[in-house]
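In what follows, a single structure is set out as structure tokens and then discussed.
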Amino acid sequence: MGETITFWVLAVVSVGAALGMVFNRKAVYSALMLGAVMLCLAVLYAVQDAPFLAAVQIIVYTGAIMMLFLFVLMLVGVDSSDSFVETIKGQRFWAFLAALGFVVLIVAALGNVVFAPQVGLTAVTEQGGGYIRSIATELFTRYVFAFEITSALLITAALGAMVLAHRERLTEKPTQKDLSRARFRGDHPSPLPGPGTYARNNAVDMPARLPDGSAAESSVNRYIARYDVEHGRLPQDPELAEAIRHTAEENVPQTEAEQSSNEVTK
Amino acid sequence: MNGDFQAPTIEYGTLAPLLVVFGAAIIGVLVEAFAPRYLRKPIHVPLTLLSLAGAFALVLVQVMGGQVPTTASAMGALAVDGPSLFIWGVILVLSFVCVLLINDEGHFVASAAAVPGSADEEEAEAHSGGVGHTEVYPLVLFAVGGMLLFPASHDLLMMFVALEVMSLPLYLLCGLARRRRLLSQEASMKYFLLGAFSSAFFLYGTAMIYGFAGTVSLPGINRAMAAGNTLDPLLLIGFSLLGVGLLFKIGAAPFQAWKPDVYQGAPTPITALMASGTLVAAFGAVLRVFWVGLGNLDWNWRPVIWVVAALTMIVGSILAITQTEIKRMLAYSSIAHAGFLLVGVMATYGSAERNADSLKAILFYLAVYGVTTVGAFAVVTLIRDPGGEAGHLSRWAGLGKRAPLLAGVFAFFLLAFAGIPLTSGFFGKYAVFAAALDSGTQPGDSMGGWMAGLVVVGVVASAIAAFFYVRVIVLMFFSDPAADGPAIAVPSMGTVAVIAVSLLVTVGVGLYPESVLGIANQAASSLFIR
Amino acid sequence: MESQLAEIAQHTGGVIGNAWLMIAFPLVGAFILLVFNRFTNRWGHLLGVAMSLASFVVAVLAFVELLGFGPEERRRAVHLYEFIPGMVDMGLLIDPLSISFALLITGVGSLIHIYSIGYMSHDEHRRRFFSYLNLFVAAMLLLVLADNYVGLFIGWEGVGLASYLLIGFWQFKPSAATAAKKAFVVNRVGDFGLLVGMFVIWTTFGTLTFKGLGEQIAPGTQNGTMLAIGLLLLLGACGKSAQLPLQSWLLDAMEGPTPVSALIHAATMVTAGVYLVVRSGAFFFPEGSGAALAVAIVGAVTLLAGAIIGCAKDDIKKGLAGSTMSQIGYMMLGAGLGPAGYAFAIGHLITHGFFKADMFLGAGSVMHGMNDEVDMRKYGALRKVMPITFVTFFIGYLAIIGFPLLSGYFTKDGIIETAVHHQPILGWLAVLGAGITGFYMSRMIFMTFFGEKRWADDAHPHESPLVMTVPLMILSLGSIFLGGYLILSNRLLDWLTPAVGAPAERPEFHFTSVPGLATLALVAVGAIIAWMKYGRVPVPAVQPRGSFLTTFARRDLYGDALNESLFMRPGQWLTRLAVFFDNRGIDGVVNGLAAGIGGSSGRLRRIQTGFARTYALSILIGAALLTGALLFVGNI
Amino acid sequence: MSPWLPILMAVPVVGAIVVALLPKGSDKLAKQVTLLVSLLVLVLTGVMAAGFDPSGDRFQFVAEYNWIPSFGVKFGVGVDGVALVLIALSVVLVPLVVLASWHDADGVKTADGTLITPKRSVKTYFALLLVLETMMIGVFAATDIFLFYVFFEAMLIPMYFMIGSYGGAQRSYAAVKFLLYSLFGGLLMLVAVIGLYVVAGKQTFMFPELVGAIQDPTMQKWLFGGFFIAFAIKAPLWPVHTWLPDAAAQAPAGAAVLLVGVLDKVGTFGMLRFCLELFPDAAKAFTMPIVVLAVISIVYGAIVAIGQTDMKRLIAYTSISHFGFIVLGVFAMSSVAQSGAALYMVNHGFATGALFLAAGFLIARRGSPYIGDYGGVQKVAPVLAGFFLIAGLAGLSLPGLSSFVSEFMVMIGTYSSQAHGSGALTVAAIISAVAVILAAVYILWMVQRTMNGPTAEPVKAFKDLSAREVWVLAPLVALIIGFGFFPKPLLDVINPSVQQTLTNVQVPTSTIAEGTGQ
Amino acid sequence: MTTHYLVLSGLLFAIGAMGVLIRRNAIVVFMCVELMLNACNLAFVTFSRQVGNLEGQIIAFFVMVVAAAEVVVGLAIIVTIFRTRRSASVDDANLLKY
């Protein structure tokens, strides 16, 4: 009777939490909901004569894996939230339909299964000399090979994480000394001139005038100059316009977005 | 208390090929950890190649020595039987060849962590000297290890673990292309998400079957089926969801969608590995599950797989027609071939000896198709634009005039895919079709006429498929070359070797198929351990 | 009524045993002239003549040898070689009928060869001309000498080929090329009949040799199959002999050089149809049968049609061609009357060979002198400048209109008389035809040789060289005497009897029979009308608009128009339709199928949206379907 | 075990390898080697054929080697009469094609010097030609059905490249169409081949052992269908013929000769040997529909040919008509018709070969396949015109030329066949005889428009045939005329194997009208 | 009770699957996959008691280990993508299509 009550309570909670996970816009909430489901399941494991698994569930799943999820969520931006506007035509309709169909099939089929009375684990654990001992025996005899092989899995995971996330430093990190040395060896030991914002214009994209009256090209940020060129925001003054254009044409490292668009076109 | 711990027995001799591969992988990881950067590749290359060659030698030793086990190994986790050993040999050869491709510079990114297009990336490129991540080698070895495990698994748990061991490194490897990294990463993510999704199905299926049989060992399931009610919903659901996982891996419709995207995005040597080794391994697993585990259920699953096979062949062939990207086209071709192989999987009515015939056919097909595939992808790596491989088919126009030898070889591979006689592909196709028709004519086979129907669908699909292979040949030979056609990279020794081996096998088997057929026959005649 | 044929005896040795030489000589000539083309330019024509003459000599010798046998032994079969194993062997049948033809062909042929030396002397391709002539002679000989239908058919088509080549000899003239093609194609229509006829013969009797048929067919047998065969053979004969409804090619065939018209389209080839009917007569055209009646009707109709056409032609050769049609119509009429008519038909064939060749060559001579002008309205008063030509032509004229005691008189009257006797209606039609003949031939004579000069300015008519006129003389001699020799005392009849059978009652030539006299009267009327219209009054140099009847005749009785609207137009339409159907229909389906597959590929690939979620959806749907299907299959 | 056939098959392929391996720039040498090899094959075939005993075993020069024991496949070769004459046809045509194609890959220039086809690899072309020769010999010599199938399909590839690489403007369309059409048929046949093996259950593909192995009539029909569709496409029979005009029109003349002259014969050869003998009941059951298709082909091909403006397309359509005759003969179920059909295969090879080559020579002088672009060629090139005419006349089956004998035999055999006890075959023969008239129209129409009439301006620059070209056409014309008057040597070889076929089909011999022509 | 547990596991599995289909954030999608794996585990544990052997529990244990490894790899891939694109939406990764 106790099991029944536990089941119903936890079943309702876990299904609710699961639905919450799916339908919550904020990823962090989803993660927490998942955590809730996992905890419910841990209890259900315990109820079903699987205390070891319940513990592992809490320690490994809820403790480690969920943390990893949360960690990555933080990395990616914790406040990011999904828009719930579906962009793929028909996707949601078919998703509901398919999921519903799947559930109906499974539930109907499972509902049709006539189960024999539960055998229970008492006999097995008795025979194996206790629950943990039985599990251990089983794990290290019958399933020892699989157990060993999971090591490959873990190594792969570690290696993969290293490959994808770790940036190996290939060169000495430039010290402040290196930087300042480089600066003084360059053309502009001093800061570059500021834009002519307040001289004749009120925008940062206008070059300053040098003493000889010519436009100072280096006074405009290249990115801004390029923006002007690309969007046709050049000033009326031909001299200034020319200066901006010239600045924009200087070799600029490509931004990621451009890179990616190039990738696509290739 | 009866808790005496009995130490498990593990047949190290039998499992030696596996252990060599995994051992080499771990050594590779250690090399990554301790060897200086400039030494890593020089160590990895011989290590990887030698381990694969060694594993192959160990397989040979087992076969030659006639010590093919007749019982399951490693406490019933693995079945190292004739078909397994054959598949192992094939996978090892294919992966060896793929590693030769991997050795080539310029396939893998120098720093996967660097954002594409960033200064970091440029810097990493500049320092790598064209050598990408050397972690690729242990990852490949792990993947190969998984491939070896997958078809030899004797229980569903082992199979699940093997599936993951095989897949995880591949997910990673897919994302490591040096050029067009966005595509590569996208491929990686799609492969990963869908792979994880499908393996969840596999797992749920396993759970259902466990619920039905009380065990996940394949013979145990078979016994339970023989004893119990084969119409138990648990069994049927379990089977279908297992099927989803496996069919996903072989890329059968409607689970094929990942294949073109992943094949296109992944670095070409990895695509070659997936299209050859993974496919072989996955079919091994399919056979084991369908024939050994669910052998008594064939009355139920064959009509369903009939539809899947027909759909796969048709979808693969038809969708390939309008492809403009060579790797994508080959991916669809791979889907179509998976369909043809499924025709062979269908051919399992009748006695065990009959099954041996079909098994022989599938093993043969897998071997020759794998080799040809690797060769084709090796050629693909050589046709380059400034930004990487010249994947777009329009760039291949007139290749026959610019590089007649290369184009000729590629055309030959394509003809082999199309199943033109006097190529290995023809005999592969013939073998599975013959097996299917043969099984269809067994008295009492309810699928009798349907098997013939499936074969007809197969030949119609082949004819459609021929169209796009031929289209590439037309482009290469009958069109005039573009003015700024792609460069033909000077192939490295490794690539030359890959292409040469593939060509030799494709031609040799095409002229004298008995060479491989005999071995396949021998492997198949010992049948699966049940 | 029975017409018993002589047994066919196998023959080896002697001239007859080597009768194949007759064919071989001209064949070798043609071969040499064609293969060693330019090298034989200088002496090629001489070789051609020599080969033809050699053939003639063999024919004469064979004739002489044949005469040495008794009448009942005059059918000699010569086995040459196995042609189609199990079906037919190549062999020759030397009998009175075939040897008569052989003599005519080689004799007249040789004369025309000789004539052509002169006629073609200015043509740069004279050598080729002779090779074609030789080819023709060989083929024609094979036609008449073969002892089976297949050999006959090979010769039949061989002469068709030669005719095609020779009509189109001046192929650079589009009209000549078209005429050649037309001749071949129309002939092929007839060949169709002959072919199918052979199918029926083989199927029914299992043999294609005359000997085999003779052994199997009881004389006088009549039934549906026999009638069918007869009609089919008649179709073939109509094609070759330019009988209605396949007459249209002959007039156009006059595009060929005149010697060709003389040899092929007057003397020999066009009479092959008559030969075919006579040769098959005992089997398929027994007297009184439907097939024979059909032959006679075709002959009667054609003789009138040809005569009418002849009346309206200003082109001298076309006029003669119409006349040829008409005269062959007589022969067919005769041949349709059974053994009684055969002798006259063959007789007329032979005499016609002479006098028509004579006239054609005469016309050629005229043209030769008139810069190849053929329009009679541009002639006139040529009798003075071309005396020999005039005289010989005039003899031919007299012969054809049936001037008493000349060749044509005997043979034509024979036919008319027999026809009136057997088929009165047809007979009287033939009488009428004779009258018209009198008219149009007289018209030709008047327009050409009498009246005033209507010559073109640059015309300087002159008499032709001896090499041309000598053959004319020889032919006109034949035109004078041959008929009487053959017909009187039934020489030809008796000679042919072993080959074609004897008539029920032996005909007697009556100089004063009613039809004969009527014929003469009508001919005279015709000649007088012609004189009234063309002799007495000047002939307009430009063709006047004629009455409906004239136009009808000028337009070849609308034969071409009929062909055009019945066959050519619908044929072209059908062809266009078929081409369209092939390109758009059948190929369209094929290409459409390919395009459909490609199109479905183009649409289906859109399913591959690039969204991982869509792929996942497909997996889930697939899983649901798979599960559902398995549960379903499991529960049925 | 006779080594003849394996040697015959090996020689060209060795030659092909030699040609392919010649150093760059040795185009002329490549041509010479190819010619020598093909002549050597011709001589060898001649010597072999001299040893053929028409009254001996059906299959002679038999050789059998185990090839793929796992599939029960043997490398089994041997020839019966029909196969022998077809091999002879192939080896005769190849040297002529080599000679005819001498300059095809060099970059063809017209009389006025414009380049119509660019320079292409000479070595490849001739190597492909030799490979094709091996396969042509193999396909006729194979007595193992699997081996037959292998050659049947593999043959497509060299031809595909010859059309696609060396053909006209639309070559790739034509090549692909050709390949896919044939491949589709071939794949259906593959199913039937497998089915035959499986159903017969004899663990062998050897033809002699499989004759009579399938007894179930329904199964026979299915398998027959598989074989027949493949052969009908190959032959090609209406309505699956549309690939031929494209392929033949785009192929270089030499390749077109082999395509129409030999490759397509495999279809009719297959019908005669495989469709009839392996599935006699089905063949009899399907005779009527097939005869109808054949008759449609005959008439339809001829009518469409009349409407063509492209010479090579026209010739291709005439071939469709002629293949209709062959199919008609094969399925008329009488010895005369079948002998005629077999003979027709050879004669058609010579006749159409000559016509294609002559047309090819003509086209090479002007660069245009369109009939309307010519006119009056006879005036400037009489020898060319002469050969063209003779070839054309052979195409219209003029008596005295070889094709007449076969066409005549087919028609008369069909007419007289009572294998079906109905008048349908009679009607079929009569309708097909109409083609006699149509043939005259299309051939002479083409001849008239190209050769006759006033000489067109561009034609005036034409040179007459060169010695090489004459040597290509003269042997063909000699064969055409020779066999036209004396077909016995061929028929003597063909007849016994046709009799054997009919025996295997179990057509009661009493219904075969036997000639008494002796 | 077995049926109850199984129905619950089925529901969770289906909810997870649906989540994969409708969520765009790659991390959430991946979480949904984890939910599916958990549902499997529940089934295993339930069956373990039903059929009376420990295999189910052992498998569940293995699943957790495998899931852990999978999560590491998966999240690494997602992070990489995010770094490149500044987006973790699975829909944004659709350069490869058709």
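Letters A, B, C, D and E name the chains as they come in the text, with residue numbers starting at 1 for each one.
Throughout what follows, a residue touches a chain if its C-beta (ideal position, glycine included) is under 8 Å from a C-beta of that chain, and two chains touch if they have at least 3 such contacts.
Quick caveat: nothing in here was measured; it's all calculated off a predicted structure.
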Given chain A and chain B, the chains that contact each of them: C, E
Most contacted chain pair (by C-beta pair count): A-E
Taking each chain's C-alpha mean as its centre, the one farthest from chain E: C
Chain whose Cα mean lies nearest the overall Cα mean: D
Identity of the chain that, by mean CA position, is farthest from chain A: C
Whole-Å gap between the CA centroids of chain B and chain C: 78
Separation of mean Cα positions, chain D and chain C [Å, integer]: 36
Cα-centroid distance, chain D relative to chain E, in whole angstrom: 64
Whole-Å gap between the CA centroids of chain C and chain E: 95
Residue list for chain E, restricted to those that touch at least two other chains: 6, 13, 16-17, 20-22, 24, 29-30, 46, 50-53, 55, 58, 62, 66, 69-70, 73, 76-78, 80, 84-85, 90-91, 93-97
Numbers and ranges of chain B residues touching at least 2 other chains: 112-113, 115-116, 157, 161, 164, 168, 171-172, 175, 181-183, 189-190, 193, 197, 233, 236-237, 260-261, 467
In chain C, residues with contacts to at least two other chains: 594, 605, 608-614, 616-617, 620-621, 623, 627, 631
Chain pairs in mutual contact under the definition given at the outset: A-B, A-C, A-E, B-C, B-D, B-E, C-D, C-E
Touching residues on chain C, where the partner in the complex is chain D: 34, 37, 81-90, 128, 139, 148, 150, 153-154, 156-158, 161, 164, 168, 171-174, 176-178, 180-181, 184-185, 188-189, 191-192, 195-196, 198-200, 202-203, 206-209, 212, 571, 574-576, 578-579, 582, 586-587, 590, 594
Footprint of chain C on chain D - complex, ascending: 177, 180-181, 238-239, 241-243, 300, 303-304, 306-308, 335-336, 376, 378-379, 382-383, 386, 393, 398-400, 404-405, 408-409, 411-412, 415-416, 426, 429-430, 433-434, 436-437, 439-441, 444-445, 447-448, 451-455, 485-488, 491-492, 495, 513-518
Parts of chain D lying in touch with chain B, wherever the complex brings them together: 67-71, 121, 149-154, 156-157, 160-161, 164-165, 171-172, 175-176, 179-180, 183-184, 187-188, 190-191, 194-195, 197-199, 222
Touch list for chain E against partner chain B, complex: 6, 9, 13, 16-17, 20, 26, 29-30, 33, 36-37, 39-40, 43-44, 46-47, 50-53, 55-56, 58-59, 62-63, 66, 69-70, 73-74, 76-78, 80-81, 83-85, 90, 93-97
Of chain A, residues touching chain B in the complex: 105-106, 109-110, 112-113, 127-130, 133, 137, 140-146, 149-150, 152-153, 155-157, 159-160, 162-168, 170-171, 253-256, 258-260, 262-264, 266
